[in-house]
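Working notes, beginning with the structure itself.
Labels A, B, C, D and E are assigned to the chains in the order they are written; within every chain, residues are numbered from 1.
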Amino acid sequence: MAVQEDTQGASFIQGQAVIWLIGGLLLVAAIALLLPDVRGMLGNSPILQGVLTIVLGVGGCIGYFWASNIVLDKVIFPAKGANAGKNINRANMVRPWLFIFPAFAALGLYLAYPVVGSFIRSLYDRSGDTFIGFGNYAWLMQDSEFQQAVFNNILWALVVPAGSTFFGLVAAQLTDRLSWGNIAKSLIFMPMAISFVGASLIWKFVYANDADIGIVNAFREWVFGADSVDPLQVSFWNNFFLMFILIWIQTGFAMVILSAALRGIPEETVEAAIVDGASPLQVFFKIKVPQIMGTIVVVWTTITILVLKVFDIVYTMTGGNFGTQILPSYMFEFMFRDDGRATAVAFVIMLIVTPVMVWNIIQARKEMR
Amino acid sequence: MANLKLKDVAKVYGGQVEVLKDIDLDIETGELIVFVGPSGCGKSTLLRMIAGLEQISGGTLEIDGMVVNDVPPSERGIAMVFQSYALYPHMTVYDNMAFALQIAKKSKEEIDRAVRAAADKLQLTEYLDRLPKALSGGQRQRVAIGRSIVRDPKVYLFDEPLSNLDAALRVATRIEIAQLKEQMPDSTMIYVTHDQVEAMTLASRIVVLDALKDNGYKYSIAQVGTPLELYETPNSEFVARFIGSPAMNLLEGEIVATGETTTLRTRLGAGTITSNVPSRPEDQGAQVKVGIRPEDAVATDSEDFAFSGKVEVEERLGEVTLLYFERGAGQNDPVIAKLPGIHPGMRGNTVKLTADPAKVHIFQDGTSLLYR
Amino acid sequence: GGHLAFAPGEGDFNWDSYNSFAEQYDLSGQSLSITGPWTGQDKDLVDSVIAYFEEATGAEVEYSGSDSFESDFVIAAEAGNPPQMAVFPQPGLMADMARQGNLVALPDGTGDWLRENYAAGESWVSLGTVDDTMYGFPYKIDVKSLVWYVPEAFEEAGYEVPETLEALKELTDQIVADGGTPWCIGLGSGAATGWPATDWVEDMMLRTQPPETYDAWVANELPFDSPEVVNAIEEFGYFARNDDYVSGGAEAVASTDFRDSPGGLFEVPPQCYMHKQATFIPTFFPEGTELGLDVDFFYFPAYEGEDLGQPVLGAGTLFVRTEESDVTAAFLDFLQTPIAHELWMAQSGFLTPYTEVNPDVFPTDTQRALNEILTNATTFRFDGSDLMPGEIGAGAFWTGMVDYVTGEDAEAVGAAIQERWEAIQ
Amino acid sequence: MDNIAGRKSSLNWAVNLSVIFLVLLWIIPTVGLLVSSFRDRDQISASGWWLAPFSAEQAYRARTSTEATPEGDIFVVTGNVFEESEATGTLSAFGVRSIAPGEFTVGTVADLGDGESLSIAENGDYEFRTPEEPGRRGQRIYFTAETPPEFTLENYETVLGAGGMAQAFINTLTVTIPATIIPILIAAFAAYALAWMQFPMRGLLIALVVGLLVVPLQLALVPLLRLHTEWGIGRSFLGVWMAHTGFGLPLAIYLLRNYMVGLPRDIIESAKVDGATDFQVFTKIVLPLSFPALASFAIFQFLWTWNDLLVAKVFLPDGDQAMVMTRKIADDLLGSRGGDWGILASAAFVSIAVPLLVFFTMQRYLVRGLLAGSVK
Amino acid sequence: MANLKLKDVAKVYGGQVEVLKDIDLDIETGELIVFVGPSGCGKSTLLRMIAGLEQISGGTLEIDGMVVNDVPPSERGIAMVFQSYALYPHMTVYDNMAFALQIAKKSKEEIDRAVRAAADKLQLTEYLDRLPKALSGGQRQRVAIGRSIVRDPKVYLFDEPLSNLDAALRVATRIEIAQLKEQMPDSTMIYVTHDQVEAMTLASRIVVLDALKDNGYKYSIAQVGTPLELYETPNSEFVARFIGSPAMNLLEGEIVATGETTTLRTRLGAGTITSNVPSRPEDQGAQVKVGIRPEDAVATDSEDFAFSGKVEVEERLGEVTLLYFERGAGQNDPVIAKLPGIHPGMRGNTVKLTADPAKVHIFQDGTSLLYR
């Protein structure tokens, strides 16, 4: 199977990529032209404006790296003259900072700064004038809806990454050797392309409390002759029905990454296990899965983090009713009304992820050793 | 503890690429068979077919009298040691060795006993708790072997098990394998290697694979025999050059006298050289290749020599000295002589070579006169 | 500016008011940005009204609508660049914004103008006033105390439009006895699930308690778990929590989308006979449904025994401004011309308490009748949940109602909401 | 590996079947939506989408026309029910009461009392006899008909034809393309530095990146918008790019660094010995070799920004000039047509078309295998 | 075209792990120096320090008289061939070779000329458009070498360049490297290998690294010399056993007569054996090790032998036969004799061995008597 992929040369791949990119842009332009009111607008040419802004944005970014390097090497520490060697060394000491500067500037500004600001805000009351210490947190602790949201959220953080990773792994493994595997993969990946709002819509259909609209109820009626129920009101289990939506979306992500990892497993180890008498299931769970554990961690982490940030599904499907509240959507109840409490909830969310982070940092440390 | 019978075995990849054809081979219980052959000739493929990792496209494979073409690998009672070791990177040495037994649902004690016995035999006891990445190459190799031993299989398959080791380790591990074989006189082993020395020292019989004459891409068995048979009486130029390092020198020549022994004149020599290979009267005047192994070549001062040339490169290995001669315009492979001891300053000298009649081989159209 | 929907000077419109307004202002070169909750068809309609303002003054107006207008406005305000004017559907949020200093008071005298020209003017003034300052100008009103039905279905079954709440309850039982389902009720609305129930409860409050009690409730002077309120909730529960009374059974109430809910009226055979909802709901009727012909409404009646008159529950939108400028003042002035109301009235879905407008411009009798409900109201009360603080009116009240219809006790629900309310004070 | 002897074909069957099952499970919801997007609102609520390809017996209502021809003392109204309603197909029964739409069989004459009678022929022609002249409302006729499957493009026309959709499309691209490329570019440099350059505090910075992965976006919106306003960027494309860059960076750095660390050290050192500076090593060696990882992340970031609503809402100005598709659909289309599932469905499909296109073209780069041959 | 001077060079990893110490070495222009030593002794580290890929922790490194401790790799004028080839997988062979020149901003024509010349020299012309993964191991190796040649560097560094090749290719490539060196007599080369034969055949001088006596984990230079010097006159047991394969046999013995030549009696022998190594009178009776290379051991029938034992394992390689003797209780490494020719059926026989006095080495406390 490696043979197939290797037949393409790398430069060929890159050439292809460029062709695809140009082709894609042309296609997009063509689609745009087909839309009726584009032609009219070509007069003040928003496409041209769009292209211009894109070129400026991306170009500016490339320009920074390119120019700053030139300045560093040619102007500040020129590799010429008496202390060329020293200059080169100095330039090399500065360069890492040059490389990470934009990233960390952006991280600091867009993430670290709001985090600090928000934390301070969470210590103030509703109006933002009175310092109340951990009052908001204390209030949250006794709020029963908050307690439920925390419980549900922990459930989400456990079930969704596990489910997505599991299905992703199974899909990656099973489709790997199928002649139509790529098609299957594409179909399983498709939900990734659907926005959360679109996905909620799709699932509203599936779960509709009407055997004439919702396939779940139609199925129940057809098989068991049961009356239609509202899956989203089945207490406790409705959480899982909502989680399944996110699993359905994220499986594609897990599958794509894990499939690449599975291909990286040396085939001999698998063959050795077969000769050792392992069944396909044993080969999968005892040989393959442990070997891609690192990738599984990455996938798991990414999805966990996503889960803790996503509120759209609960928000649009149940609005947090029927005992399905989770922290991000709970936070929305306060957002713009009582920012003190909203930010406090946000910090509770971050707290929940902390174990995952710590685990990751430990993992990264191990790797570096 | 098993004998293998390959009958007309063939392998076709993807319905088109024929790789192996007409493989007929009987392997007796307790033998250690070595497969050698040029890279890409299908040695691994053959091994993998025996293991069941590759479907057999034609012919039958019998183990202990039972046709096993369609028996899955796990039920063939074989163990395989891969070129890349194929250790399970996430398991300790102990678990690597125990894996097959755990799969077979053996009892804890039984597993422990088998693993510790094997570890003992291979001096791995103190590494049992380590992961493979914390082992040196040689240790990994031994774990791979240990993994096969614990299962006590009927047949062992080794696919170039030593090719990733450095020279010193290779020698040591080779000897270990030889001793292992000796401790288990009833087990059948099949061993693939590129390495001359391994083949010669380990094999009870060597199987040489070569391209079929009619088609350069299909391979079959060229010769089967004990190492010394192959060394002393190769049946073809191919086998002759393949066994022995550096390869046998082949000099173009002509038969000038036939009979119990044969007298030859080479193109690059003066005078004649005699071979103990008998020939028929009708061979008189036939164009043949005269084969002399580098180590059989002796420098001579007499005017009766089979080859004479200027030493182009001289490699002094201490114990022996290799002399490389240019063969003449347009011909690439040098003639090589291996002289015992140290001979400094030979470079640029013209040396004349001849050989003992017992050690002169004759090939006509690629086939040895002995075997026609 | 778009093209003008009605040629000036034609029809029954008060063109004079337009002309005098046009003479008064010349704002060419100025621009005005407005955001509001109206999207889609409503956006087209408001644009058509704005077009006349642009035509008259020469100013450029950009209206942009959003379904999540509230949070958009809050974000824009927090970020320091709010639109010059905005349309608030909820007085509660407007009050929050005003207290945070994001809004600018309306020109002096606006209150007096309202008292003079709007029916039940005082209640409109108090609606737009926060802490004695007037910020919101009411424009475009919805009436909520309506029950929609299919006249032919009533005819075929021989039902009469009930005049009293007692009669309505009788009719409900009658329909059940005939083997039908009387009501379609749907509370589903994504994140806002539950709000239609608040309208029910408010209507029930007005039908069981005097308006003063209603006001006290809205101001939380009467606690949410007081017997009066609990009773109103249970009055709603009388209809919604009875499996026989609602299409799909009580369980379906919480999950059926309020937009899909009226569909049951039009099925063959009908899934229900009545649907209580505000004036905007015809947008969600099946295509081609003709008001007055295929579907009609009646006033959600009051108890005969209670002697509380004909209370009407309504809602409406308030124009506010975030800066004091000529152009915003001019626009507010424009909203005080009859023409600004008539232009929308003449199209669809617009009711106004403005007494100077010419009701003849309404395209259908139905709409005229609707407007009459508004003008005939003995008691008019604004939607209570919109007046409560956001956490309650657009949060706890909603979810509390969902909890109630899915089985929780009215008292417990009331107590939970009250607790929440106390927590934010 | 594919040729293991004795592998049971039943196993192959099992694999094929389970993949088919999985795929079905995964696409059925989407298929439902797709089918629904070709049906109109009434059809959607009338029958399940899985019944769409079959003809269905359905009840309809029609109203007789109000033009009557007097015939003696009675008035006769004729017409065709199919013309008076949206129904098609073949008539099976009719009635005059909503609760019993199939009361009478076709061809019979229904006596409605009060001297009124109604008959309907198989082709839908009806004859209504009444002693009174009909008023504005004609007589209601209910009937059931076997309706053939029917699909419509109307929903798509509505969505695509909505004012400003084309502009929204271009705006979306203007947002997504730089919002995909810029963070990848910046992250790639940082990831390289964190993976392969030696400098103090490197470990700390890596930990920081992992830590920042979890910051909830919502937390950052308002403070950042305020910041943008202070800087004079306000709400603009530049602002939205910067925001997406900031929010996308932690994951980008995390994934890319993880990949780059795995590149063979020898290759990088070899380039250094060959005289390349870090910048050259990065652009000429590391970047091309990281192509699979870059492509994967590009796809994900593209999908996220394409489907993003929140960031666009906060950081782009209101109004059509900068309206992106998600916002157009969510606020403009759905707001006023919340209950119209057909429109919602087609809108969803319109918005996933481009991401799918991107995925299918980029999919082939998602595999590893570029490194084969650098080492033995 | 450069000479290198290492003065007191040391390497400490992470401030704690001392790996190398006191490395003093002068390398002349045009030399081919081979570093050998046990695995993990710091050969690669030393090479990487010379390349500039690793900071020098102590001492100085001079290239052409200039201290280059702080000069980055790109400025040192060196080229390095990595054990793993380290070809750029995304570039064609041509681009791989052209890369360094492009970085150096050479003109298109100049680059083309240099690349084609190198490709020609290495017979790579027809592969210029291929990607590395489409090449065989040997070809990849040649590309890696070609990549260094085009730059025409002052110093070439090779880190075990052949260790990934199979035996046949290894021989061929080794000869190519030897020829390459000959074509470029002025270039200085440093070569790290594990392989005896490579070291012996290629080196102008060999540097043997070994653990310092006082600390098993710090390494330094044990001996420097031409291959034959090291083979014939190793200065220590370590070097003696390290050079030559199989390793030299060391037999415990005692000096029984001193003078120009030394007479010894071994523990496992009967009678005496003479060595040409001179000894001082005070050595009389000293406990020493007597070193005899397997290839120098000769079978004897006389009662005067240095060793006698039963043949445990017999390896017939055709050209020579290896005999393994057990040394006696508790001692693991066997005594080995390498006899020319084929000697079947020796297994189990008792054989007596002795050696030519010129080939008998004497070590006391690990050091050769020659060097004390």
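By definition in this document, a contact is a pair of C-beta atoms (placed from the backbone, for glycine too) under 8 Å apart; a residue touches a chain by one contact, two chains touch by 3 or more.
Everything numeric in this text was worked out from a predicted model, so none of it was measured.
The chains touching chain C as well as chain D are A. Of all chains displayed, A has the C-alpha centre closest to the centre of the whole protein C-alpha set. The busiest chain interface, judged by C-beta pairs in contact, is A-D. Rounded to whole angstrom units, the spacing between the C-alpha centres of chain A and chain C is 40. Look at where the CA atoms of chain D average out and do the same for chain E: the two points lie 67 Å apart.
Taking each chain's centre as the mean of its C-alpha atoms, chain B lies 93 Å from chain C. The mean-CA centres of chain B and chain D are about 63 angstrom from one another, to the nearest whole unit.
Taken residue by residue, chain D touches two or more other chains at 1, 4, 45, 222, 277, 288, 291, 330, 370, 372-373, whereas all remaining positions touch fewer.
Multi-chain contact residues, meaning those touching two or more other chains, occur in chain C at positions 75, 78, 189. In chain B, the residues that touch at least two other chains are 52-53, 72-73, 75.
The complete set of chain-chain contacts reads A-B, A-C, A-D, A-E, B-D, B-E, C-D, D-E.
Against chain B, in their complex, chain E makes its touches with residues 39, 163, 166-168, 171, 175, 178-179, 194-197, 200-201, 227-228, 231-232, 243-246, 293, 295, 313, 315-320, 322, 324, 338, 340, 342, 344.
Listed in rising order, the residues of chain D touching chain B in the complex are 1, 3-7.
Per the touch definition, chain A reaches chain C in the complex via residues 126, 139, 209-210, 229-230, 232-233, 315-322, 329, 332-338. Interface of chain C with chain A (complex): residues 70-71, 74-75, 78, 96, 189-194, 248, 251-252, 254-256, 389-391, 395, 398-399, 402-403, 406, 423-424. Residues 51-53, 72-75, 78-80, 82-91, 99-100, 103-104, 147, 151 of chain B are the ones that touch chain A when the two sit in their complex.
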